[in-house]
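Quick heads-up: structures coming right below.
Same chain, two partners: chain A is paired with chain B first, then with chain C.
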Partner chain A sequence: MSTKTPNEDDILRPIRHTSKKYYVMLAVSAVVFTAFLGLWMIQLAEGMAVTGLSDWGSGGGVTWGLYIGAFIWWVGIAHGGIILSAAVRLLGMERYMPVARLAEMLTLAGLSAAGFYIIVHMGRPDRMVTSVLGHYHITVHNSPLVWDVTVITAYFVMTATYLALTLRYDVTRLRDQLPNHFEPLYKLLTIGYSKKEDEVIERMVWWLALAIIIMAPLLLHGGVIPWLFALLPSYPGWFGAIQGPQFLTIALTSAISGVIILSYAFRKAYDWGHIITDDIFRGLTLWLGFFAMLFLWLQLQQIVSGTFHSTTDHAYATEAKLSHPIYIGSIAIVAAVLIYIFAQTVRKSLFSKRRSIVAAVAVLAATLAEKVFFVVEGLMYPTFSLYEATPGAYWPSVIEFVSVLGTIGMVVLFFLLVAKVVPVVELHAVEHLRGGHGHDHEPEKATEEVEA
Partner chain B sequence: MSVDDSVGDHTDDSPAHLDDWEIELRSALEGTEYDADLGVGLAKDAQRLATGELTEAQFRERYDDDVITNLENEDFFELLGAEDADLEIVDDLRAAGGTFLDGLNGVSGNSDTSRREVMKKMSAGAAFLGLGALTAADDGRDPQAAMAAQDDEGGNDTQFGMVIDLERCDGCLGCVEGCYEENNLRAGANWMYVLNYKDEENQRTAEDPGRLVRPCQHCSEAPCEQVCPTTARHTRPEDGLVLTDYDICIGCRYCQVGCPYGVNYFAWDPPRVDEEQHLEENNNHVYDNRDQRVDMRPPRGVMGKCTMCPSRQDGNMGEEAVGTVACMDACDQMGMSAIHFGDLNDPESRPNQYIRHRTAHSRGELEDLDEEGVEVYDDDDDGGVLPGPAPGDDDYDDVPEWLSSNIPSSETGVSTFRLLEEMDTKPNVIYLGDEPGPNAEQLSQEEVEEEAPGYTISYEQLNERSALAMTEPDDHEIVDDRKDVLDESTIGGGIGQ
Partner chain C sequence: MNLATLSMLAWDASSYLLQWRYHGDGSVVSFPGPGTWIIFGVVLMPIYVMALAWFLGKPADPKKAVMGVVYLVGIAALLWIGMLVQTLMIGVTFF
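This part shows the complex of A and B:
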């Protein structure tokens, strides 16, 4: 671990210095994102037949596929902010404070990508406002999709508010060192600021964090997103009470992975070894292992209940799942990551940040594949299975594949731009690290909690 | 379990205040032609049904046969304590096509419900059953016809639906063609679809396949409507048709996901006929009487499915088209008359007439075919289901074609079913014939051609038959490989794995 003492200059470095690599990344992510926008335009012009989707039934395909799978995946990643916020603000695990804001920003970026997928997925996105909002008072009673839009919107607004409130403290104090061309934005962010509010904001933020943390696991990834599927009895691959917890574990594994990758990228780019320390990576990696274990445990529950003495349709869907390389592959990857993480807790020398990154990327790939497979498999093996001999299978089109790269590009772009405007590490974190030797015992304590 | 047993089983559980009532009823029944034990047992179990102690299935198991033989006139419900007000309920129930059980189901399970209220409903239900047995002549025990209508909010409202006789279908695909042409559908978006299957449980094999004709089921509890985030998918209040407002739908496809039957077809690709031209040419066919765009194929990006032709029902297509649907017309024209569309709440509608007739026929209650193979109606008052003219009578020609020919003979009686009833969607398509079991497997067209030649025609043969498909193959060819059609527009990938 670095012995340097973190200071304001450290967290201002992304705003003040722009490397050649930055421009390369900016260009690459912009190109990828633009490429997808272009393909989306083609989809709008030609119709959704440009995708690999079709109608289930005599249409021989699936009506929801990669777009919806990736939508779920992004919402899952967006949970990163919540976990870190919970750890820092509510549970007092202050060692994660340096990555908390990055994680909160990941929430906004992830939700934006998910929201974008909803629009990309629609046949008539132009009617989104008139048709959905216009009948909201009726549909909110029945439609899980409306619940879904409601909760995601609420989650986004609350997280954005939360971030905006915490930024006021930093921007006010660092104002003189921030670039002048963003002056209007800083003025807007800090409008009406006075030092007296700090204490009030802190309390507000605590309550907001509490509200978001209650809402996200219970209503979002443990609620409305799985309910889109779990409430439909005609799809044995989807139906059932386990999908709530199952989705949540997938969200948490993806989210932690996202935070690991993001933290590593910023640490490397801005020489933040003394801020985002090795210890943070060890802790995050251990959490990844813990959530991966829950993920696999709930998969096991589904497999056992689907094979032991299940109904015909359920048995059939489970059999299909177990014989598909994508499902087996995803589960194997998560299992391998779990084995590695548990091994490195026993033998510390097995840990390296690079291995953590490999594990995180592997888990993200596995959860994306698993989620897309989940969506497709449900529609391929419905209770009413009489269309079985109808020819056709689903394989995503180029546009769908590029959508994943495009939204990743969009999220990277978001971070590249935001990092130029506001500090992505809290001033509080720096202050804490400077005077926070009293918290040295925290990491060990947290590690023990995870192990327990 | 006998009726007596059921009475005995529950005596201890019965509230004390019912004892007096039981004595009253028993004494009233004794000295009549009715079996007093049966009457009391029925009344008690009816009450249990009303309060939810007994399921409808259990009730039916106990009483179907016995009740019919014992309750054949109005005296019975008078004995049960019915008064004039009850007669009105009876009439209402009958008009709605409801049954004794429907009457009871209307009674709340709430313990506050007065005994009088329970009695009233119960006796009305019992009376209905008795009267129903009389008025439906010999069809007597005919739960399907009377149950044909879903008791939609208990009113007299129209509920359009279909009776489809799978044993009468010969796989000519006339309905598929009729629907396709009527609605200008996209290639492969077969709103009406015919499936062939094998199913060991039903002794259906590749050599002797089963068949399912599959339009939209126009469910009374339509899951597609429930999940719709926009109200585009809705039930038309005046006739229960489940429709999509093409001007509101956002194309999220959740209705297709919510539907357990797979009847929805999204407009992925541009239509085969230009949109503006389509609207211009079909102005009266596209909009219904509420001026909502709900009929014919949807524009690109929104969901479509079988509509049961609302613009026909609204009279936009001419008076003669009211009460008809394109698939039924086509089926009739092919001489098959397997599809019967109409108001399921109207006892005299075509589907209800057909199902009564067919049920009676399967029990051998209609006379056999005459020498020329034409159905002969038993015109005794207590005879045929549809007392009507026989060949040679002046008004013989009045017998509708769809009722007078090609009735399959059935030695074992005919069974009826609705698809996936356990999903509680309350579908409004009633099938006559074998229900595909959970292990039924679809047979591909090739398999049918190979193993059971002639069982159905192929889509190639259908196109050869179709004049339009022959003259304009690009625009009018009817296919069933929707995925292949869509894959042509897929950019990269999209091929079957």
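This part shows the complex of A and C:
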């Protein structure tokens, strides 16, 4: 572990220095994202016929596919961020303080990607307003889709508020070292700031963290999103109370994987070995193992209940699932990751950051595949084989495949741009690593009231 | 205008505004259903508790609590007003 002492210059490095690699990444992610936007324009012009999706019941195949699977996947990744950050604040897990803000930003980026998928999947973007918002007072009473939009909006708003409130402390104290061309933004972020507010804001953020840690995992990814599927009894592959906890474990495994990859990228790019330490990677990898174990355990529950004296439709859906290579492959990957993580806890020499990254990427690939498979198979095997007379298959079109790369490009772009504007590591984290436990800074503009 | 006519008018107005109507089986759509209780009674409960704690907790600073609420409402408004503007633009451009 490095013996360097973290300081403000370290966390300002992404803002002040721009390497060639940065520009290359910016160009690549912009090209990938733009390519998807271009293909999306084709979809807007031609309609959903350019996807591999079909009309419900009459066209064969399925109406929900990769778009919905990837939507769930992105919301899951988004969870890790804010939950990790909230855990730092509520449970005193200060070890993870240096990656807390990166994680919060991952939540915003992940939710943006998820929201984008809803818009893309709707076919016509204006339906978000004309169908969802325009009839909200009617549909919210009975539509899980509208519950979903409500809670995702709430989650995004809470996370953005959390980030905005915690940035006030940092931006005020580091203002003189931040670039002048973003002055209006910094003024907006610190509007009405006074040093006296620190304690009050800290208390407000604590309550915000509590609200998020209850709402996001238990009521969003363990609630509203699985209810899109789990409340439909005529789809045995989806139906059942277990989907809440199952979705949550998938979210947490993919979320921790996302945080591992992101932390590694920033550590490598900005020489942050003394800030995002090996210890953090070990801890995150262990959490990944724990959540992977829960994921597999709940899959086992579903397999046992679907194979041992289950109802005919449930047995049929389970049999179809167990005979598909995508399902088997996804489960095998997560199991392999779990075995590696257990092994490296027993034999420490097996741990390396590179292996953690491989494990994280593997889990992300497996959870995306499993989620898309879950969505498609649920529709393929309804009770009474309702659509047997109109058989069909589903394979995502090029546009759907590119959407995954495009949204990844969008999230990478988000980080490349945000890292140029505000510190992605909290000032509190640097103060904590130096041994002071926060608030050892006087604001640069040592005024009682910094008026915008 | 007598009371019966007034009540009929109020009935029709509420039917129009809330878009409720009878199903064939006699049940009513658009009245508060399970989602109303789940979303506004359970799922959003942490937000109500948080907002109360902002205003009632110590050290108290009502101005900062109001600022927090403005953040929440402002960001939500930005999101949906952005969508509304986009919808209007689509309407003007294509329809």
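Assume the second predicted complex is superposed on the first by the 428 of 452 C-alpha atoms of A that agree within 3 Å, B and C clash if a C-alpha of one lies under 4 Å from a C-alpha of the other, contacts with A are read in each partner's own complex, and residues count from 1 in each chain.
Going forward, contacts are C-beta pairs under 8 Å (C-beta built on N, C-alpha and C of every residue); 3 or more make two chains touch, one makes a residue touch a chain.
Model, not experiment: these values are computed from the prediction.
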Q: Please work out whether A:Pro6 is in contact with chain B alone, chain C alone, both, or neither, and reply first, second, both or neither.
A: neither
Q) Should A:Pro226 be classified as contacting the first partner (chain B), the second (chain C), both, or neither? A) neither
Q) Who wins on chain A residues touched, chain B or chain C? A) B
Q. Is A:Pro236 touching the first partner chain B, the second partner chain C, both, or neither of them?
A. neither
Q. Is A:Leu210 touching the first partner chain B, the second partner chain C, both, or neither of them?
A. second
Q: Quick one: classify A:Ala160 as touching chain B (first), chain C (second), both or neither.
A: second
Q) When the two structures are overlaid on chain A, which partner does A:Ile138 contact: first (chain B), second (chain C), both, or neither? A) both
Q. Looking at the overlay, what does A:Gly69 touch: chain B (first), chain C (second), both, or neither?
A. neither
Q. With the two structures laid over each other on chain A, which partner does A:Thr150 touch: chain B (first), chain C (second), both, or neither?
A. second
Q.
Between chain B and chain C, whom does A:Ser58 touch in the aligned arrangement: first, second, both, or neither?
A. first
Q: Across the two complexes, find the residues of chain A that touch chain B and also touch chain C.
A: 124-125, 128, 135, 138, 142-144, 146
Q: Please give the residue numbers of chain A that touch chain C in the complex, ascending.
A: 124-126, 128-130, 133, 135, 137-138, 140-144, 146-147, 150-151, 153-154, 156-158, 160-161, 164-165, 192, 197, 199-201, 203-204, 207-208, 210-212, 214-215, 219-220, 223-224
Q. Taking the complex as given, what residues does chain C use to touch chain A?
A. 18-20, 29-36, 38-39, 42-44, 46-47, 49-50, 53-54, 57, 59-61, 63-65, 67-68, 71-72, 75-76, 79-80, 83-84, 86-87, 90-91
Q | Of chain A, residues touching chain B in the complex | A | 39, 42, 46-61, 63-64, 121-125, 127-128, 131-132, 134-135, 138-139, 142-146, 149, 228, 232-234, 311-313, 379, 382-401
Q | chain A-touching residues of chain B, taken from the complex the two chains share | A | 188-190, 193, 195, 197, 212, 223, 226-232, 248-254, 256-270, 300-303, 419-420, 423, 436, 438-444, 447, 480-484, 486-487, 489-497
